[in-house]
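Going in written order, the chains are labelled A, B, C, D, E and F, and every chain counts its residues from 1.
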Amino acid sequence: MQQDDVTITPETLDLLRRVSSATITTQLIKNHGLRSRSIRGVKPVDPSRAKFVGPAYTLRYVPAREDLSLGGKRPLTENPAQTAIDAIPAGSVMVIDMNGDTDVGALGDILIARLVFRGAAGVVADGGMRDIDPVRQMSLPVFCRGYGAPPSFASLLAVEAQSVIGCGGVLVIPGDIVVADADGVVVIPRYLADQVARNGDDQEQMEAWVRRKVDAGAPVGEAYPPNDHYLAEYKQWVAAGRPEAV
Amino acid sequence: MQQDDVTITPETLDLLRRVSSATITTQLIKNHGLRSRSIRGVKPVDPSRAKFVGPAYTLRYVPAREDLSLGGKRPLTENPAQTAIDAIPAGSVMVIDMNGDTDVGALGDILIARLVFRGAAGVVADGGMRDIDPVRQMSLPVFCRGYGAPPSFASLLAVEAQSVIGCGGVLVIPGDIVVADADGVVVIPRYLADQVARNGDDQEQMEAWVRRKVDAGAPVGEAYPPNDHYLAEYKQWVAAGRPEAV
Amino acid sequence: MQQDDVTITPETLDLLRRVSSATITTQLIKNHGLRSRSIRGVKPVDPSRAKFVGPAYTLRYVPAREDLSLGGKRPLTENPAQTAIDAIPAGSVMVIDMNGDTDVGALGDILIARLVFRGAAGVVADGGMRDIDPVRQMSLPVFCRGYGAPPSFASLLAVEAQSVIGCGGVLVIPGDIVVADADGVVVIPRYLADQVARNGDDQEQMEAWVRRKVDAGAPVGEAYPPNDHYLAEYKQWVAAGRPEAV
Amino acid sequence: MQQDDVTITPETLDLLRRVSSATITTQLIKNHGLRSRSIRGVKPVDPSRAKFVGPAYTLRYVPAREDLSLGGKRPLTENPAQTAIDAIPAGSVMVIDMNGDTDVGALGDILIARLVFRGAAGVVADGGMRDIDPVRQMSLPVFCRGYGAPPSFASLLAVEAQSVIGCGGVLVIPGDIVVADADGVVVIPRYLADQVARNGDDQEQMEAWVRRKVDAGAPVGEAYPPNDHYLAEYKQWVAAGRPEAV
Amino acid sequence: MQQDDVTITPETLDLLRRVSSATITTQLIKNHGLRSRSIRGVKPVDPSRAKFVGPAYTLRYVPAREDLSLGGKRPLTENPAQTAIDAIPAGSVMVIDMNGDTDVGALGDILIARLVFRGAAGVVADGGMRDIDPVRQMSLPVFCRGYGAPPSFASLLAVEAQSVIGCGGVLVIPGDIVVADADGVVVIPRYLADQVARNGDDQEQMEAWVRRKVDAGAPVGEAYPPNDHYLAEYKQWVAAGRPEAV
Amino acid sequence: MQQDDVTITPETLDLLRRVSSATITTQLIKNHGLRSRSIRGVKPVDPSRAKFVGPAYTLRYVPAREDLSLGGKRPLTENPAQTAIDAIPAGSVMVIDMNGDTDVGALGDILIARLVFRGAAGVVADGGMRDIDPVRQMSLPVFCRGYGAPPSFASLLAVEAQSVIGCGGVLVIPGDIVVADADGVVVIPRYLADQVARNGDDQEQMEAWVRRKVDAGAPVGEAYPPNDHYLAEYKQWVAAGRPEAV
């Protein structure tokens, strides 16, 4: 399964840094019929550091087998998790398929320190993380489903990087654009990123105007979405160069 | 199914603002045999703003059908959620039956801004909320089961306001008295609100006295609940006008 | 089932206070084949007060029967929870088997005040707690699965203290050594506590050195775990008396 | 929310009795974009009696409150479940929103005997049933999520019939067409029933032909869905009057 | 915690063999306020052999620790499961607290063969069983939550027999009377067994009469529960010696 | 990750057809420390046709994206599920990673008819199947987690065959030996198949002897596992050529 060969411009990434994950999901469902692009059940380790945008770099875990793990009778020599962490390009988001397992922590402070050094933009895993106290003090935003003190090999085995994965109910193809904030993490198909960024920005500008109207007493039944009256007023305001007062 | 025709006085509401949800549940089970009045699984968006009291104003969602939703082939024109939000009386608590769905956010910052304008006392939903960052900065306490970036129409449809609903395992009749704090949200049948408020206040006054005894070394086996000795001492202390030192 | 007759020295407890729960789980699985010693699903009430170490003092709850509870027709006179709380030795950790029930709160502020007075080191329950606001202001670290306003007797009955229990998927024998921090709670079989403490401390010293290497750009594929080159360098550094610069 | 004013002909119902629920879901998603019309988690009480078709007649339960239940202090006099069961038209399917509760049984043998007398076509509930042994000997197909010995009032309260409900994740509007078989229960929006019936029947005729090809050795990569070659052959066969041999 | 010192007569056990678990739960809630006496989530291995009645003989499992298990470094010599199975009195029901674990099978064909030899009346476990094919051919009714091929020591450890346990959400005191049939398993507090048996039998006799009325066309709104008219007719029928025709 | 290059002889497969999955899990844990080789939550579609043995042929699904599915805007042309089903070697077991999804059916009667034609030994999926009625009449044993009428593309996308997968909590490497019966499905690492088969057969022969002893009244505390006395008697019996009477 191939990723679309689409260049993502810095302008698109900049726009997406201004647009919320909530707006993006609205764009994806309303304009593209994509209902399931929000990763289920993940939360930021540090709620004050939840915002990031970048292309997905994927890692896939499967259940462990005791003899293949560290300390087992036939431990594997290769470790795709390490290789991926040493190879991730700057600006990328590591997206990890842990199949929902929160009994262990996939990454701890040393692996995340390496991601920081590599310039990764963020981490999303539908499973657990560990070394939470030191991780919380690092600059990398991390989303996960819970905290698990045991090392990943207690119940999981890393099998490959950069394959197509599922993460929290969402299909992730390497190179898809990942956007995270306090509401959660949404994954935009690469070929839609630019369109969603532009339309999302338009939507947010109108909603900021609507919010000010509602703060001032406009009923949502009239202003959100705007009826003909409010729509005309909004267009006038845009035509007038978006003056401070609405 | 009719609500009891009972007036709730400002005194009752004031008492309930002083009494914890923990105390209220104790009153409901011990004196009235009501074991299931605490809404399961909800948490405050802002733990420092979790306290509110008010009558329930209900809203009921059911699963969505793609053709009836925004962007579908036959979108509905009516929207009971909007109508309810524009109509909720000041001081009321919006209680939402989302059937536990956290894949979406029922309300975002614009709808909650409208609830703020209307003077709502709080929001409780057994599903997700969205636009969490701006919502956290608003004055309205909101309890929910999780955060969902997608709009409600991605998986839910609002069908009616002010009907009898279930929310987090609790029967809620419009007009029931909702009390929330850090422990969670409890729903008092309207006809019991005054009695529960008064007895709850009595219970808390005694427990404050017991707490000071326990802080000073009294065994809980003797002081909590108070045995005859401690009960006599407590009554003396009350008779003495509740002096500072216990 | 008997606990191993092993003395835990203050030195061991001191070492364990410096070692993370993540490191301890690694020791337990890698050196002793124990994969399931981390209590599933519990979180600290106050994330900034999550660290404690001490021997387990256990309490077991089972489902309630309405007639045996407070307010029922044949309420029990004995209450093993109270007896245990009045008897727990200073430095011990109360570990509670609630069978995962978060509909109620096992302990509230008065019972926890008593544990503070007794000098307990911490509380772990695989169920709910109540009176969260006052509890958060007390000095005792408390881990639980959620908050439940209703009193424990709404759905649970305490049956005995100091028996062998399961808590969040972990076998706990009274006297096992419990270690908690931000990642969660791990339970060390008493006979292994000293060995795990010493080896865990060694592991953490090496990992601190590795972390500085990784912060400086070392690939994890070479430095974590250290290959022959890094291992030699580490040993040199240790031999040199662990100088500040690495 | 109004049901579409569409007459369902006996021909449509007859066609739907021949078409499987699997085919219907394929039609609904492929031709109408409706992904969520299959009721989650329900199974037939008697797997050999799982097939039925009919318009939905809905019943809604919410969580119980002890004082309102049979045996409580203020038991309700009305019982919408009884009224609905005495009123259901012949040929209808009773669809019950129990919010997933399997701790109780909504209907037992007496209520189901009444449904048999009324000529109901089937029962679907996203919760429990009781009196399973006698129910299994009755002529009415019943789908449910489990068996619960306790009566419904132990945890549920019936609030209304013929409202819009959710059942096992599916929006059900009274009058929607319900089709059940061994695979489960699917709910067709009333306005689509005729179209789905006709296209579903076409699909099944072609798939029966494909199945015979596959039984004879045709690769599914060529025959299912049929490529140009197989499609031409199928059309020839249809044009030839569907002879016995394929 | 002591069991009530109450003798259960053979007459009571005989009555309970005629009364359904559904009727017993109705008696327990309506007359005694006991809502949670039905074991959650268990099913008979052989649905055609689901009926039994007898006093509870309890067994408690907790999570395993690898070193204590068969094949571990310090395997326990005692095995309370074996001791209990060799000691269970004829006519008793083994009730097992497995904490819901279906990853393993607590009992296989050899242990169940021993229970058959001992004359046990039945087995109920809120976890898994194994050797299902041979077990299905044995005469002992077994209820469980699922089938697990691995032996119990893969994740569980038996700690004691004849203690107070929870099983599927129900408090079970050794000696409580367990009644099972196709609807599930209900546990009657020993002191209520006789009363529940007698009143349950009365209830079933009236319901059999009601069922015949309903089969003949009586509306449930009038006949179930019987209104004054039907109640008078029923009493007449009873007074007439319960003639065949109703 | 490479499979071990080990030939599985017909003798090994024959032995494994005689040995139960319960015995195999005992061998794997007791002799090899492998605790998690039993696929969680799967059941046979036809309990009377549950036994099969064969090497694993794997298929991996991830969550769907609406635009890539049949009927979407950019449907994929390749379908790894079809390719795999057309290519599976005779005697192999198709093991499918559906990530637990039972909302859809991965395979229906046409795809399973193709597997029958190809001579597959069985199917195991940790998700749903469809067309259950015709499937039940086919000769292929199928294990799954539930039945889902909707086609797989309603929520899943097949991405590749013959990769390392997780299925119901078990690591499956193509070529691992899969053994199924009424208790469930166990996956033996290829390099252990022969050893497990031989030792499992030995274990079952002894257990058959033990079972006859227990049927005749031997306490399990003495005979299972056999103490020195019984062990000596068993060895004598074996030495005597295993005569009919024990």
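Throughout what follows, a residue touches a chain if its C-beta (ideal position, glycine included) is under 8 Å from a C-beta of that chain, and two chains touch if they have at least 3 such contacts.
Just so it is clear, the structure is predicted and the values come from calculations on it, not from any experiment.
Visitor: Which of these, A-F, D-E or A-B, gives back the C-E interface, meaning over half of its contact pairs coincide by residue number?
Guide: A-F
Visitor: Between chain E and chain F, tell me the centre distance in angstrom, where each centre is the average of that chain's C-alpha atoms.
Guide: Distance between chain centres, rounded to whole Å: 32 Å.
Visitor: Counting only residues that touch at least 2 other chains, which ones in chain A make the list?
Guide: In chain A, residues 33, 35, 37, 66, 155 touch at least two other chains, as defined above.
Visitor: Got a list of which chains touch which?
Guide: A-B, A-C, A-F, B-C, B-D, C-E, D-E, D-F, E-F
Visitor: Using the touch rule from the top, collect the residues of chain C that touch chain A in their complex.
Guide: On the chain C side, the touching residues are 20-22, 24-26, 29-31, 33, 35, 37-38, 40-41, 43, 181-184, 186, 207, 210-211, 214-215, 217, 219-221, 224.
Visitor: Which residues of chain D touch chain E once you look at their complex with the stated criterion?
Guide: Answer in residue numbers: 66, 70-71, 79, 82-83, 85-86, 102-103, 105, 108-111, 113-114, 117, 130-133, 136, 146-151, 153-155.
Visitor: Which residues of chain A touch chain F once you look at their complex with the stated criterion?
Guide: For this pair, the touching residues of chain A are 1, 32-37, 62-68, 72-73, 76, 78, 99, 155, 157, 159-160, 163-166, 169-171, 189.
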